[in-house]
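Quick heads-up: structures coming right below.
Each of the next two complexes has chain A plus one more chain, namely chain B in the first and chain C in the second.
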Partner chain A sequence: MQYFLSLCVTGLVMGVIYALMALGLTLIFSILKVVNFAHGEFYMLGGYTSYFLLSAFTGLHPILAVLLSGLIVGVIGLIFELVFLRPIHKGKIERPSEYAVLVTVGLSFFLIYLSLALAGPVPHRPASFLTGTVSLGTVNVSAERLIAGVFSLVLLGLLLLVINKTWVGKALRAVSQDKDAASIVGINPLAMNSIAFAVGAGLAAIAGALLAPIFSVTPDIGAAPSIRSYIIIVLGGMGSIQGSILGAVLIGLVESLGTGYFPDPSRALNYKMVFGLIIFAFVLLFRPRGFFGRKET
Partner chain B sequence: MFKMARVVIPTLVILVLALSACQPQTPVDEPTEEVPTQAATEAPTQAATLPPEADVIRIGGFGPLSAPGAYRSGIEMQQAAKMAADEINAAGGVLGKQVELIFGDTEGLPERGTAVTERLITQNKVVGLIGEYHSGVALTEMEVAHKYGIPVVFSEPWSDDVTGSGYPEIFRISPSIDYYSSIASKYYAEAGFNKIVFIQEDTDYGHSSGDSITAQLAGYGITDVQNFYADPATEDFTPILQRIMQDPPDLLASGVTGMGTYRMVRQACELGLAPTATTAIYAADAQLPEYWENVGDCGQYALFTYVGLPPSLYNDKTRAFLDNFEAQYEIRPGAHAMEAYDSMYLMVEAIRTAGSTDPAAIIAALEAIEYDGVLGKIWFEYGSQNPVPSDVPAWMWHQFPTPSVYLMQYTEVNQPFEEAIVVFPREVSTGPLYTGPQP
Partner chain C sequence: MLEIQDLHVGYYRDLNILQGVSLHARKGQITAVLGPNGVGKSTLLKTVFGFIKPQRGVISFAGQDIAGTPSHNLVQLGISYIPQRQSVFPQMTVEENLELGAWSFRSDKARIQERIEANYKRFPVLRDRRRSPAGELSGGTQRMVEIGRILMADPKLILVDEPTAGLAIRLEKEIYDLLVQLKEEGVTLLLVDQNIRQAINIADYVYVLELGRNRLDGPRNQFEDFKKALWL
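Moving on to the complex of A and B:
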């Protein structure tokens, strides 16, 4: 039982952090209708930003570095949206879908090689939030992971609050449902695009900064989290915020329990992402729109 | 705004290129397939049109310079090989010509290895090849080299099959898996580790390594051995470590290279699995300078392997190489860089001895070579003049028979590599067989 609980706690903590990243991707997709192929690189940038901030300012608290990383990468995301994605929504691009793919894939490569040029190929690890383990009943959890999980949970709660209770949140939801109708009632969809992209990039960066002390950071670190985020948002229903959170927690749990109980332990770790894909395939088989996906109108 | 984008995109491209050019220490500005290191502006197509009697002798290099390969090590190999080429040219070159190293990025992918080798031989007209880090890639590269009869000195791939192929063109200066396993298993037996769990890379190297060490440990009566396989890029080992915690071993060993090992060491330590008074930990690549930054206090008591002369046995060439490399690239290089550096010198020495760039003459010269490098004295015991006897493993063909392999251990937090304890072989050890945390 203790083993089962340990795996569940590990899966839940990772799931909550996955949710943060997936939520960013969902936000961007639901508002801009663009799949951001550079999302993993915003995650990577978050890790590096936190590392360099903590290296440059030795007294800086690691949690503050995480928040600043989100802010800095959010601004980078905002600039990218204004320069490269806004022309799509102003009708200035002839083939917007293809353009969006090319420009975000291009950004992804650009950021990977820029990081390689600036930080080098050697892995770096920012300072820990806290070392040691914390006992949750009979289960021991790494303090660093627990803090990362709790921080993500608080941030997710705040985001849900903003999205459900504030004018900006309602405006974002309105644009996601019907851009033209939102415009009629005085909402500026272009401004909402910028907000969504900046917040989405910032969330990915925060996830990267939270996990950097645990996994370290290299220029190519964004690939796996980014693939996982695509799986999560499709599983939860493209554009659904609740779906992304549920999908992320489910993927976190399935990966952990699958690895822990797979009959052949020598292969278990290798199939970690496959366990999530099996659930993904089953959900899509019986519910092609994902958990909370809306029907196309 | 779109007009602005048209201005900004090229500006950003120029910016990243400029940034790359400003960072000579980190040759990340070379993600392209072939990277001429002497004539940086020379395109491969131009090289292809040059006649064989050109004023340069081209030597091809290959290794991972970008993901998913182990580019952290591949880039250092490229830098070391370039350093050797520069030194050779500064000393007058070979056969009255300058040496040009053309390094291809294999990305750690076998199919890229095939393509890069094909291009180096057929378009760049290289007379010999050196390098490679990944065994799985080397196994495809050697097929191409064999097809064209071009000699190769492999620097780092460990798979027995590399030299076990018996191809006349293939030479290797790194240890084979079988050779390494014989040393490691003897150490584990002497240190009293009777129950061992290995976390291996899910690659050709990892599987061969798992099979070899399991078989060799059985020879010492150690049969409680488990091999778990993981992608080298695995981030979270926690679920499998929690599984291992249900029945902790005497030794938890990570054969995963690079960051995979650092993650595993930290996660095993955070869980309280290893190192403990009852479970030791082995960490591949712990000798690299970034080890302590990435594992923190969890790195204490880690055992690791070092290929190459340990600090206590450095020769003048080793010291000069390490100092020059650190001065040029601002990092202390790993053993793979030393192997690439020696491989380049070996190839050039063979060309000098052969007195020509004819592949058959270079192969004959390599078979007879005795070269004192940064790794010590290098030679190839078995070849066409001295075939591998039936009671000697087939991988001894064109294999440097005694590459230096040492088991070492960090006994203190942030201990410099130079001060780590050599625990095995015992003849050159600088401390006890194993030091672990107190109960």
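Moving on to the complex of A and C:
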């Protein structure tokens, strides 16, 4: 029982961190109608940024480094959006959907090889937020993961508040539901595109920075979390915010429990993503739109 | 109020939909633009509202050249647009839809409240459905949400594209009466329509387009015979 509970706690913690990253992808997809194939690389950049910030400024609090890497990668995302994605929405690209795939895949390769050139193939590991374990009732959790989880939870709460209660949030939802109608009420959809892309990239980077002390960073670390994010947003229903959070928590739990109860512990971690995929296949079999997917109109 | 001169617009290279349209929407009047399908009536409104950039030509509003100005800036100038297709925010409630109409003055809470109340007075059905997602309403009620939403910002000029397309016949009169009422309140309207009889009935001035060019124009009474000839 205790083993089961500790797997659940780990799963939930991973779930809320996955949710940050998936929410970023959802935000970008629902506003820009572009699938960001460089999302995993923003995650990777977040890890590196936090690592280099902490080694350049000793004494910087690790949590502050996480926030700063979100901000820095957010600005990188913003610049990319302005230069490469804005022409799509100004109608200057003849085949916009193909262009969007090529340009984000291109960014992904560029960032992988850039970080390989700058940081090399060896893993880097930023300092932990905290060492040791914390006891929650009968369950022991590593303090580091717990803090990462709580931090993500707070950030998720703040994001939901912004999206549901503020004017910017309303404008973002308006653009995601009907871009032309948003223009009619006087919202500038191009500005919302930039905000969504910058925030989305920043969220992936924060997830990367939070997990970097646990898993270390290498240039190719973005692949698995980005695939996982695609699975999560399809599971939750493309474009749905609640859906991506629910999907992320579910995948976190399933991965944790699946790995924990796998008969051969020495190979369990290699199958980590498989457990999520099994659930994914089952959900799509019975509910092809995902949990909260909108019907195509 | 709105002056269009020699407007050329095309979606694809040199294949132009509009090939030199000129018209004038006079202040406080309803100006109707008629013509068969595919003549470029909707394109005309989309161009005025900044959704499409014109190849050449002049569009001026209250003396200011607005050709190619982005839509959100036009809203600030007092220009509004009701597209032909439904354009509510389907997952937001009626009240949220109306609130977003106040985007250009979003910090003025008192004015937002006052405008929403004014809308509920004009469209009582919207007050009853204020908490319903707009996408679940009937076509006619959605149209009211759209009109109410643009009235939030007190527009000076409204571009209307086939206001009754796809709506039940019994709603037609209601919508056209509303347009006349808006005119009486001092709003200028530029109406594009397939419903020739109704459009001529409420218009002060009528333009007819053919193949992307002006065909004829004149005040309403000149078109009364035309209406009879068409057995309208």
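By our rule, the second predicted complex is superposed on the first by the 290 of 297 C-alpha atoms of A that agree within 3 Å, B and C clash if a C-alpha of one lies under 4 Å from a C-alpha of the other, contacts with A are read in each partner's own complex, and residues count from 1 in each chain.
Here is the rule we use: contacts are C-beta pairs under 8 Å (C-beta built on N, C-alpha and C of every residue); 3 or more make two chains touch, one makes a residue touch a chain.
What you see is a predicted model; the values in this text were computed from it and never measured.
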Let me test your reading of the model: by the given contact rule, A:Met14 touches which partner, first (chain B), second (chain C), both or neither? first
Looking at A:Ala181, would you say it contacts chain B, chain C, both, or neither? Reply first, second, both or neither. second
Quick one: classify A:Leu118 as touching chain B (first), chain C (second), both or neither. first
Superposition-derived comparison: chain B or chain C, residues of chain A touched: B
Which superposed partner A:Val105 touches (first chain B, second chain C, both, neither): neither
Report for A:Gly260: first if it touches chain B alone, second if chain C alone, otherwise both or neither. first
Examine A:Arg173 and indicate which partner it touches, taking first as chain B and second as chain C; both and neither are also allowed. second
Report for A:Pro87: first if it touches chain B alone, second if chain C alone, otherwise both or neither. first
Would you tell me the residues on chain A in contact with chain B in one complex that are also in contact with chain C in the other? none
Residue ranges of chain B touching chain A (in the complex, touch as defined): 1-2, 4-5, 8-9, 12-13, 16, 19-20, 23, 25-26, 28-29, 31, 66-68, 71-72, 75, 199, 202, 226-231, 233-240, 242-243, 246, 258-259, 262-263, 266-267, 270-272, 289-290, 293-294, 296-297, 331
Where on chain A does chain C make contact in their complex? 167, 170-171, 173-174, 177-178, 180-188, 294
Taking the complex as given, what residues does chain A use to touch chain B? 3, 6-7, 10-11, 14, 82-84, 86-87, 90, 92-93, 106, 110, 113-114, 116-118, 120-125, 128, 131-133, 140, 142, 144-145, 211, 214-216, 218-220, 223-224, 255-260, 265-270, 272
Hey, which residues of chain C end up touching chain A in the complex? 49-51, 70-72, 75-76, 80-81, 83, 87-92, 96, 99-101, 103-104, 106, 149-150, 152-153
